[in-house]
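Below, each structure is written out as C-alpha cells.
Both complexes below contain subunit A, partnered by subunit B and then by subunit C.
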Partner chain A sequence: MRRPITLYGLTFSLPLLIWQVLFFVFPLLFLVALSFWTVKNFVMQPDFDPVNWTTIYGRAVFWQAYGTTLTLAAAAAVLTSALAFPASYAIAFKLSDTARRWAVFLMVIPFFTSYLVRIYSWQIFLSDNGIINVILGGIGLGPFQMLNTVGATMIGYLTLAFPLVVLLQLFSLVFIDRTLIEAAHNMRCGRLRTVFEVVIPSARTGLVIAALFCFILAFGDFVSPVYLGGGEPTTLSILITDTTKSGQQWPRAAVIALTMIGTLMVVAFAAVKFAYKGKSK
Partner chain B sequence: MSRDTLVSFEGVVKTFGSFVAVQKLDFEIKKGEFLAIMGSSGCGKTTTLRMLAGLEAPTEGVIRLSGKPINDLPTWSRDTPMVWQSLALFPFLNVRENVEFALKMRGVGKAERRKRAEQWLDRMQITEFAERNISQLSGGQRQRVALARSLVVEPEILLLDEPLSALDAALKVRMQSVLKNLQRETGITFVYVTHSQSEAFSMADRVVIMSRGVIEQIGTPQEIYRTPRTRFVADFLGSSNLFSGKVRAGGQGQVLETPTGQFVLYGQVAAVGEAATLTVLDTKTHLSVEKPAGAVNVVPVRVIGEEFVGATATLYLETAQGQEIRVQKGHDEIADLPTDIGQSLYAWWNPQDGHLVAEA
Partner chain C sequence: MTRIDPLAKGLTRRSLLATGAAALATPMLSRRAFAAPTELTMLAWYGHAEPDIVAEFEAEMNVKFVPKYYTGGDNMLGLISQSPPGTFDVILSDAEYVQALNAAGYVEELDPADYALDDYFPEFQQFPGNWADGKLFSLVTRFGFLGVAYNTDALTEAEASSYDVFWDPKLTGKVGHFDWHLPNLGQMSLLTGNASPYDIDEAAWAAVQEKTMSLRSQVGGFFDYGGTFSSLNDGQMLAFCGIGDWITGVLEKSGAKVKSVIPEQGGLQWSECFSIGKGSAKADLAKKWIQYITSAKGQAKSAQMAAYPALIPNAKGWEVLQSENPDEAKRQGMTKDAGNAMDMIRAGRIKYRQWPVQQDLETWNDFWSEYKGS
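On to the complex of A and B.
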C-alpha cells in the first residue's frame, strides 16, 4: 500500500531532496557528460567522444593505481577493524557506564582537529630526523625510513578511520543481549571462543558497516598517500590530480572519478547486503 | 548426604554489595526429581539457580554437584545447562545450528552432531523447522528449540528460569505437560524457577518456597498446600483462611484465642501462651444458614461478593471484626445457599481441618 504524500512530510523531506539533486545528482550527471568532452590545445570543448574512456582504460598505470587503491583500502578496512575491535570490545564489556561515556567522549575528540593537521604531526614523528628516529638513535638503532612508505600511508588511514570505526563497532556491541553470552558460556563455550561464536556474529551488521566506512574513507583519501606515503605507490586520488595538472585533462579525471564512484557503490551494496544477510525486515 | 542427592547447598550466602540476595541456603536436590523454586520477585530464587549454573559465585558456603564442590568451576566447565526466561536462542543461527551448538563446543564430530540434534528435533517435534531462522518461529516453537538445545547433551540436570512466562495461558498449560513428560521420560533432574504457583504445583515433585533470600518451606505440593509451615507460606499460597492469636488451654485440648473468636485446635499442637496462626483451607471452610449444631469452630459472617471460575465458586465473606474469609466450593455444593450480598451466614470447619503454624 502506498501512503499519500502530505504537505507536512514534504516540508521536512523537500530540502534534503533539493540538496541531493543540486549537489549530488547534478554534479554526477555533469561528471558523466564531462567524461565525453575533448581537450584541444589545453581547452575543453563539449563533445560526445568515448576517447577519454578508451585512453584511461587502456593505460596500465591506471589499472595499477586501481589495484593499489583497492588493496590499500581493503587492507586499511581489515587492519583498522582488527585493531579497533579489542578496543570496542573492552569499552563495551569491561568498562563501567561512567568509564564508557568517557571513552566515547575521547573517541570524539580527534574529530575536533583537522585531518590534515593530524597527518602533518605524524610527519614530525616519522621523518628521518623525527621523534621516533631520534629516540631510537639514542639507543644506537636506526635511522629507519618510515616516512614515504606504505606503512606510513596505512598509519594515515588508521588516523583517519580508527575513532569512527571504534564508535560504530561500539554501538553494535553494546546492544548485544548479554544473556546470549551467558548462554554460550553455559554451553561450554569459553571466553575467547564466545567472542568468535557469539559476539562477532551478533554484531556483524555494525562491524561490516564500520569496515565499509573505513574502506570508503581510505579509498578516496588523498592526504595520507601523498603526505605520508610520498605519492608512492600511486593511488587513484593521486592519479586524478596528476591528470588534471597535465594538460587540463579534466575529462580523463572525470573517467577516473566515475570509476571510483562506481567501485564504491558496488562495494557498499555488497557490504550492506552481507551485513544484513539472513535478517528479516 | 544420602546417595540419591545430586546437588547440595551448604550454608550458601550471596550478597551484591550491601544487598543480601540469598542468606544461608541449606537444601538438597535429589537425583531425577522435578524441583520447583518458587517465590515472588527478589526472593533470591533466580540467584540460587544462577549460582548452580555457575553464572554467579556464592559469597559464602559450598555448592556440591554429585558430591564435588563446584564453587570455583566456571560455568563452561560444569554440566548445568540452563533455559533462560528470554530463551537466549542465537538469532544468527538457524534452529538446527542452535541445537547443535553445545555439541560443537564439546568437539563432537559433524556427523554425530547432526544425528544427535536430529533425535532431539524429532523428539521436540520441530524437525520441519530445522532450517528456519529463530525469528520465524512462534513462542511455543522457540520454547521447544530452547529445550532441545539444552537437552541435546543429555545432562544430569537441567535448570529452567521461568521459561514459560512469555507464553499465553493455553500454551503455558500445554508446555507444562510437555515439560513434565520430558522430565519423567528422561529422568533428568529439573530445577525450575517460577513465581507461578500453578506452574510449580502442577509439575514439581517437590517445591521450595523462598522469601527474602530464605527458604520458607520445602515439600511436596500436597504437603505445602495442606500443612504450610509458616504464616508466610500460607499467605503466599493464598488458599487458606488465617486466624492469628494466642494458644490457651481449653476444655479437652487447646484453643486459639483470636479477635474473631475462640477456636478449638486438633490435639496438643503448641505451647500454651504462644502466638500462632490457624490456617484453614478455603475448600475445607463450610457455610450454612443456621448455626450448625455440634460444630465447635463457627464464625458469623456476611456475604460481600462471589466469583465463578469454571466449575468452582468462590464466596467472599466478612466477619463482624472486618476480617475477610474465603470459601471455595463446587457450584452444586452452594446451590441451596442464599448468597446475595449482605446475607448473614455461618462459616465453620472441623477442628482436624485447622492447621496451626508458629508465629502470628
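On to the complex of A and C.
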C-alpha cells in the first residue's frame, strides 16, 4: 500500500530533491541543450543543430574509444572484484572484531591522499628505471616496460577502486546469516562450495553494487589512462579533452559526455536489477 | 605596609585605558599609513605572475597581481568568453590566438609609442598577429623554438638533428608526443618538405598524414604538460616530438640529461604576447606592466622565468641578460655569437606555429584523434 505523502516526510526528502534538481537535473538539461549549440570562431552560440551528434557518431575514432573504455571499465570491475573478494572474505569471516576494525580503517586510509598523487607515485615504481625494474635488474631480469601500458592503466583503476570495493563487499558479507553457512557445513558442503553456493549468492547485492561502483569510476577516469597508460589507447575521457582543445568544441564534448552518462545509466539499471533479482521489496 | 595607589600618583583609570587603546591601535594606524595594493588581474600561462617575475613591479607600483592560469589557447578563450568584460586587466596569449582575441573584441588597442619597440629586433617590431589594419593590439614578449627534444644519454646531438630520428628502431616505444596537434603536425609538415608548414594544399596534407601515421608504432605515449616533464625526466621517453627548450630547459637546469635541438628540416616558433583586456578599469596600470615586462630589465627577467625559460625579442634585453646571467644567455643562444637565435630566424630555419591555412583547425584535430586511436 502506498503511504500518503506527509509534511514530515517531505521535510526530510526535500533537501535531497532540491540538491538533485540543482546539481544533477539542471546541469544535465544544460548539457543536452549545449550538445545542439554551434561554435563559430571559438565562440559558442545557442542553436538547435544536430551537427555535433552526427559528427561525433560518424567518427570511427569515437566508437573505437567507446569500445575501449567499455572493455577497460568492465575488465577493471571484474578484476577488482575478483582481487577484492578474498580480502573482504578474510576480513569478514577470519578476523577478530578488533582486527576487522583495523582492516576497515586501513581501507579508508588511501582516501586521505589525493588520487592524482597516488597515481604519480606509481610512476616511480613502474617506469623503466623505476623501483620494480631496479629490483628485477638486481636478479638479472628485465627491464620490462610497465609504464604506459594497459596493465599500468589497470593498476591505476585498482588504486582508485580497490579499497572502496573491499568496503562495499565487506558490508554485505558481514550481514550474511551465519546460520546459513553453518547449515551448509552441517550438510557436508565443502568450504569452497559453500563460498560459491552460499556466501556469494547471499552477498550478491553488495558484490554487484561494488563491481558497479568500480565500473563507474573506471569508465569516467581520466588520470590513470593518461598518467599510467600514456594516453593510449584513447578512452572517452581523453577524447573529451581532445575535443575541447580544438576550437572550443564544448558542444561536441557534451555529446561524448551525454553518451557516457547514458551508458552508465543503462549499466547501473541493469546491475541494480540483477543485484535485487528475486528479492522481496 | 603602605599600599601605593597608582591612581593617586596621577595615573587615572581613564588615562590608563586611553594609553592602552592607543598602544593597541598603533599597528592599525601604521597600516593605514600605507595604501592597500591595487589588484591587477592577469590571465596567463602558469609562471607569469609568480614572484620571480612580478615581485619587483609589485613593490615599485604597489600592485598585487591576481593570476588566473590557463593551459592552452582554447582554455584561455573559454575563460574570457565566459567572464564579464573587464574581468582580466592583462592577458597573455599565444600569437596564433591573438587574432581570435581581436576578432571577438576582447582586447584594447595599444599605442605603439608607449612601448620600447625600437629596442626590439626588427623582425619583432611588426610581429604578425600583433597588428590588425595598422593598429597594435598585442605585444610579443617572449618566444621559443620547437624541435627535437632528446635524452642525451640515448642520442647524440648529430643523431637528434633530424626529425627522422623518431623512426630510429632503437627508439621504438620511446618516442613521446606532446598531446597537441599543432606543433606535432607542424613538425611532420616540415619533415615532408613544406617550406610553409601550415599553409599546405590537400596533396601535401595527405602526405603529412601518411608520414605521421608511419610513426605510430614508435610512439610510447601522448602526454600533457606534467606527463611530458616526468616521462623525459625519468627516461621513460627518450625523444619527444612537439616541444622544445621551454620544457627541456627547465629539466636541464635541474640536472636531467635532456636537451632540445633545431633539426636540419627546421623548427617551429611559439610566441607569447601581452594585451590589455577590454573594459579593464586599470588599463593604465596594465599598460605600465606591459611597459615593464617589454623593457630591457623586464625582458631579462622573463628570459629566465622559473616556470619555463624563453627567448626575448628585445635586443637590449639580450644585453642585460648577457651581463646578469651569461651562462643562461649562452645556453639559450642569446649572445652575439654566430648561430644565435636571431641568426636561426634570419636563416629561415624557423617557422611560426600557426593555425592551418588551407584546412580547418578541426580537420587537423580530427586527424590527430584518429592518429592517437589507431
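The rule we apply is simple: the second predicted complex is superposed on the first by the 269 of 281 C-alpha atoms of A that agree within 3 Å, B and C clash if a C-alpha of one lies under 4 Å from a C-alpha of the other, contacts with A are read in each partner's own complex, and residues count from 1 in each chain.
Quick note on the criterion: a contact is a pair of C-beta atoms (placed from the backbone, for glycine too) under 8 Å apart; a residue touches a chain by one contact, two chains touch by 3 or more.
Since we're looking at a predicted model, the values are computed, not measured.
Chemist: Overlaying on subunit A: subunit B and subunit C, fit or clash?
Modeler: After superposition on subunit A, which the two structures share, subunit B sits beside subunit C with no clash.
Chemist: Per the overlay, which chain contacts more subunit A residues, subunit B or subunit C?
Modeler: C
Chemist: Touching A:Ser202 in the superposition: subunit B (first), subunit C (second), both, neither?
Modeler: A:Ser202: touches subunit B, not subunit C.
Chemist: May I ask you to decide whether A:Asp177 touches subunit B, subunit C, both, or neither, giving the answer as first, second, both or neither?
Modeler: Only subunit B; A:Asp177 stays clear of subunit C.
Chemist: A:Leu192 contacts which: subunit B (first), subunit C (second), both, neither?
Modeler: A:Leu192 contacts neither subunit B nor subunit C.
Chemist: Check whether A:Ile139 is in contact with subunit B, with subunit C, with both or with neither, and answer first, second, both or neither.
Modeler: Touch status of A:Ile139: no partner.
Chemist: Give one of first, second, both or neither to describe whether A:Ile5 is in contact with subunit B, with subunit C, with both, or with none.
Modeler: Neither: A:Ile5 stays clear of subunit B and subunit C.
Chemist: Quick one: is A:Gln249 in contact with subunit B, with subunit C, with both, or with neither? Answer first, second, both or neither.
Modeler: Second partner only.
Chemist: In the overlay, answer first, second, both or neither for which of subunit B and subunit C A:Ile109 touches.
Modeler: After superposing on A, A:Ile109 lies clear of both subunit B and subunit C.
Chemist: Quick one: smallest Cα-Cα gap between subunit B and subunit C in the superposed arrangement, Å?
Modeler: Nearest C-alpha pair, subunit B versus subunit C: 45 Å apart.
Chemist: Following superposition on chain A, which residues of subunit A contact subunit B and also contact subunit C?
Modeler: Touching subunit B in the first complex and subunit C in the second, no residue of subunit A appears in both lists.
Chemist: Touching subunit B in the complex: which residues of subunit A?
Modeler: 177, 179-180, 182-190, 193, 197-198, 201-202, 204, 278, 280
Chemist: For subunit C, which residues count as touching subunit A in their complex?
Modeler: Going by the criterion above, the answer is residues 72, 74-75, 77-78, 81, 100, 103-104, 173, 176, 179-181, 219-224, 226-227, 230-231, 234-236, 361-362, 364-366, 368-370, 372-373.
Chemist: Please output the residues of subunit B touching subunit A within their complex, sorted ascending.
Modeler: 53-55, 74-77, 80-82, 84, 86, 88, 90-93, 101-102, 105-106, 133, 135-136, 149, 153
Chemist: Which positions of subunit A touch subunit C when the two form their complex?
Modeler: 41-44, 59-61, 64-65, 120, 123-124, 127-130, 145, 147-148, 226-227, 229-234, 238-239, 242-250
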